[in-house]
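Each in structure tokens, the structures are laid out below.
Next come two complexes, and both contain chain A; in the first it sits with chain B, in the second with chain C.
Right, the complex of A and B next:
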């Protein structure tokens, strides 16, 4: 009965109700997007860090991985030290260097790594980095250098564009096509055996790496191992997934704050819209409500009916808003995909069912709250005076 | 994360030797490392400062309003070119030259004619090439702005429709007194436009206060004089025009609908 009365009241002014539902839908869409942005971005970064299960990164003291050109010396000694810890099951030393493909005149990022680990990439076809001069490239490099898997290319390190000199030159066979996890969209990358890349860089890269990635045994706290590393190796900074996320929060805090501000505004707009509409609707039906009260309908019944109206408006808008929010999130992601320096796999807006539930719950709660004031006002009407006033009007 | 971005300089307060070489550091670094003018520091291109050199802090600088450095939160040390080249073992190499010219296009063409292994760019082009982050953010803000405008427009339309609808009895009375439909519509539209105008004025004040809070907050967070939010006359003009147009539209729609109905029907008879 209450439900039918609430629906009848909303359908009496269809255009107005439709406009309110539309307003709540747009607010709901923005709210969902902002909830997705606030949590999804962090989740996406976390997933990227753990894509190969490496919970620790070891970078030159005071720096973040690949944030500067600084490298760590005596890499083999550090690798050996790290392997002495029984809690560390895999260590992957990685060196980043720019290489220049001579024939195609393409400069690319080269990642020197232990061929048996593949910490930085996923092999899509062909063979992994293995023997001395066998490399894996991504599609962007193959396109830029006009090569394909199976081709052989001449690459140089430390290339001086003015003097055309270099520190090391190799003829390398492209043996595989890979997808690199940490490179930006369109950035060309090749994976090269670490020893080869160190040798090509000359004395500046001899036995040096940009970072170590380490996998910790299951059940072991990565932060405890991180502390052990920093104690044992004073020349490096170790970063666990948790501390990396803290750094990430600091750098990308802007987006989280924006999400909180815009999310609150959209929730506020939705709340105000429903409150206004239900209040006006109640004001218009004062006589009707007084008659209901006069024929014995309880206050409780009146309150429920009016709160139901608010909830119905909020729910209808929310359901529409969820669909709209997913569409706009995709558009936002497409815009932010061009954000420079971020890995192509990184997503700003990630849909998680709990985000949808959170947004829906907030809007539903706003709907309930929006109905409470007009409902209380309607329920506390002086019945006789109101009927008298309505009769005179 | 961006790779190969900058040379890392590690810094340690030194208490050894007499230094002649001077550096300038930014005030954030001075505050964090408790450095003052005249302090001696050991700078090294490698973490740990094994192969470094001692410098005297000769100046403390304030960070410029450079948007490209905002999120990085990096510290900045300025060295004399020769000192940095020596410290890095970079020989007689530089990353780039900045050239001031009274005839930029001619200078640019002249340099590029003789350039071998390098290229000259006008500053404006470099600004465009290096500001991709902000172009992306600008597009993102525009997209969010469009959604916000749609939400606000619907809200405004809804409120004005309700406001006009609330006046049905007054309108009925006016019509019964012989006031013409056109006069009623004009009155309602004027009222809606006035409400929109007053609302925009209040909104502009709230926006201006919000903008001041945003600037105060982010300038503190990132320790930069950069202006993050600007309320320009163009933005206020856009908001005013949009709300007045919406107000007038809502007023016309609601008033036309009401004056079409017989006055007694509006009174519920």
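Right, the complex of A and C next:
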């Protein structure tokens, strides 16, 4: 009967209850988005780092991978040293360079890599980077250069103004279409065999790489290997997934703070909405409530009924808000996919069931708390005085 | 029905005495002053009596009824129902006592607008823990008794004032109370529907229900076997009448 009364009280003023539910839904959606943002970016970054299972990045001393133009010399020697460690199972040297496609006049990021290790991209069709001049391109490059898999293109690394000739000119065959993990949205990228790219860059890139990616054996602590690398190779900085996440936390911490603040505000707004609506509803019904008390309905049951009203509003709003939150998160992700300097695959809002549970629990708790004040007011009504006041009114 | 406390009555209980009030006083603070609404009332009502309390507005009739019905506490004095001092009960005990022993009928009906007539009648029974089937059957019986068997699914807004008051009376009788208290039950009704309510009260009393009614309605007062006249918080006359 109490549940029936609680629901009946809410359906009595349908438009008002519906608006309150929508209000709670909006605040629930924002809360879910903020919870997704607070934990999602970190998760997304972690997934991105581990997408190919490489737990270690080795960059020039004092830099982060691809944070500067700095490169590491004597790359083959370092590769050999890294391979001496039995805990390291795969080493992938990477060189980043800008190349220019001549006919189409497109400047592209070129990533030089070991053809046998696809550390930076996923092959969607065709063949992987292989022999000297066989490259893999992403869709953005194919679109910009008006080419397709199977075409041959002329690319250069630079232009010598004195000799008035292109430097590092090569004719390359596009043998595959790939999706690159670490490039920004719409950025043209091609994967080129490392030796080819080093040669195209001339003396500045001879036996040099931008970073090494390394995979350690299962069960081995990547941080132990990281320490070994830094000890063995003082010219480099090694970064494990764990330490990268620490740096990420330091750099992106303000996003988390913002998410926590906005999430708290949305929770507060939801709480106030429910409190206001239930309080207004109780104020309208004080005569009825006083009569319920007069005919023998206990304080406890009055409280229960009114708290139920708050919870019902909060739950209905929460369920609607979860759907709304997922839709808005997708829309935000689409907008933020163009965020400068961040890989397109990086997601700001990542849905995890525990986030939904957390947001739902917080809103449900807010619903219970929101019902407590009006419930306490209703249960504390002096029955005789209230009936007297109602009779006069 | 059991109540945890059992305060002795201030004097030996007369045979079949249901209710007694002794030197009952009720003060209200109004604008920094104390207004005495009930001034030392002594009253005894035996089981099966039909009592009307009459008097001018503001003379303390409703306040007295609230005190007798355990929804208000006296400033001093005692109210005993079935030898239990209801003024000494905690709020929880008084609520439980009202649920099982007292039925209330109000001037403005105060039915739950979102519930049907039958659900309104079931409400006190649900609170008392009566099972669904039993309370549905009793609610039907009661609505039949007040002449609304065909209206049990109607909401209060779909009923006339007289019908609403009859539903309120059925609700008041739901838990078979020893005492029925009514505050201006015909106050919002026209003469014809008021007469229906008076007739219903007469039938109930004839079946043994003890009724105390506060009223300005002369016809309703005339239907009572005993009329208590109040003025300025005091009983100025207490007369037994022959039924009209």
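The rule is short, and it goes like this: the second predicted complex is superposed on the first by the 381 of 393 C-alpha atoms of A that agree within 3 Å, B and C clash if a C-alpha of one lies under 4 Å from a C-alpha of the other, contacts with A are read in each partner's own complex, and residues count from 1 in each chain.
The working rule: a contact is a pair of C-beta atoms (placed from the backbone, for glycine too) under 8 Å apart; a residue touches a chain by one contact, two chains touch by 3 or more.
Everything numeric here is computed off the predicted structure, so don't read it as measured data.
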{"item": "Partners on chain A (chain B, chain C) - clash or fit", "value": "fit"}
{"item": "First, second, both or neither for A:182, with chain B first and chain C second", "value": "first"}
{"item": "Chain B versus chain C as contact partner of A:383, first or second or both or neither", "value": "second"}
{"item": "Contacts of A:312 with chain B and chain C, given as first, second, both or neither", "value": "neither"}
{"item": "Which of chain B and chain C A:27 touches, first, second, both or neither", "value": "first"}
{"item": "Partner contacting more residues of chain A (chain B vs chain C)", "value": "B"}
{"item": "Chain B versus chain C as contact partner of A:332, first or second or both or neither", "value": "first"}
{"item": "Partner chain in contact with A:295 - chain B first, chain C second, else both or neither", "value": "second"}
{"item": "First, second, both or neither for A:214, with chain B first and chain C second", "value": "neither"}
{"item": "First, second, both or neither for A:163, with chain B first and chain C second", "value": "first"}
{"item": "Per-pair minimum CA distance [chain C against chain B, superposed on A] in Å", "value": "8"}
{"item": "Contact residues common to both interfaces of chain A (with chain B and with chain C)", "value": "none"}
{"item": "Complex interface listing, chain B residues touching chain A", "value": "1-8, 10, 45-48, 71-73, 116-118, 132-133, 136, 139-140, 143-144, 147-148, 150-152, 154-155, 157-159, 161-162, 165-166, 169, 218, 221"}
{"item": "Residues of chain A that touch chain C when the two form their complex", "value": "1, 4-5, 8-9, 11-12, 287-288, 291-299, 301, 383-384, 387-388, 390-391"}
{"item": "Footprint of chain B on chain A - complex, ascending", "value": "15-16, 19-20, 22-23, 26-27, 29-30, 60-70, 72-73, 96, 98, 109, 160-164, 182, 234-237, 250-254, 262, 265-266, 269, 272-273, 276-277, 280, 283, 328, 331-332, 335-336, 338-343, 393"}
{"item": "Complex interface listing, chain C residues touching chain A", "value": "62-63, 66, 69, 71-72, 91-92, 95-96, 98-100, 102-104, 106-108, 110, 112-115, 119, 122-124, 126-128, 171-172, 175"}
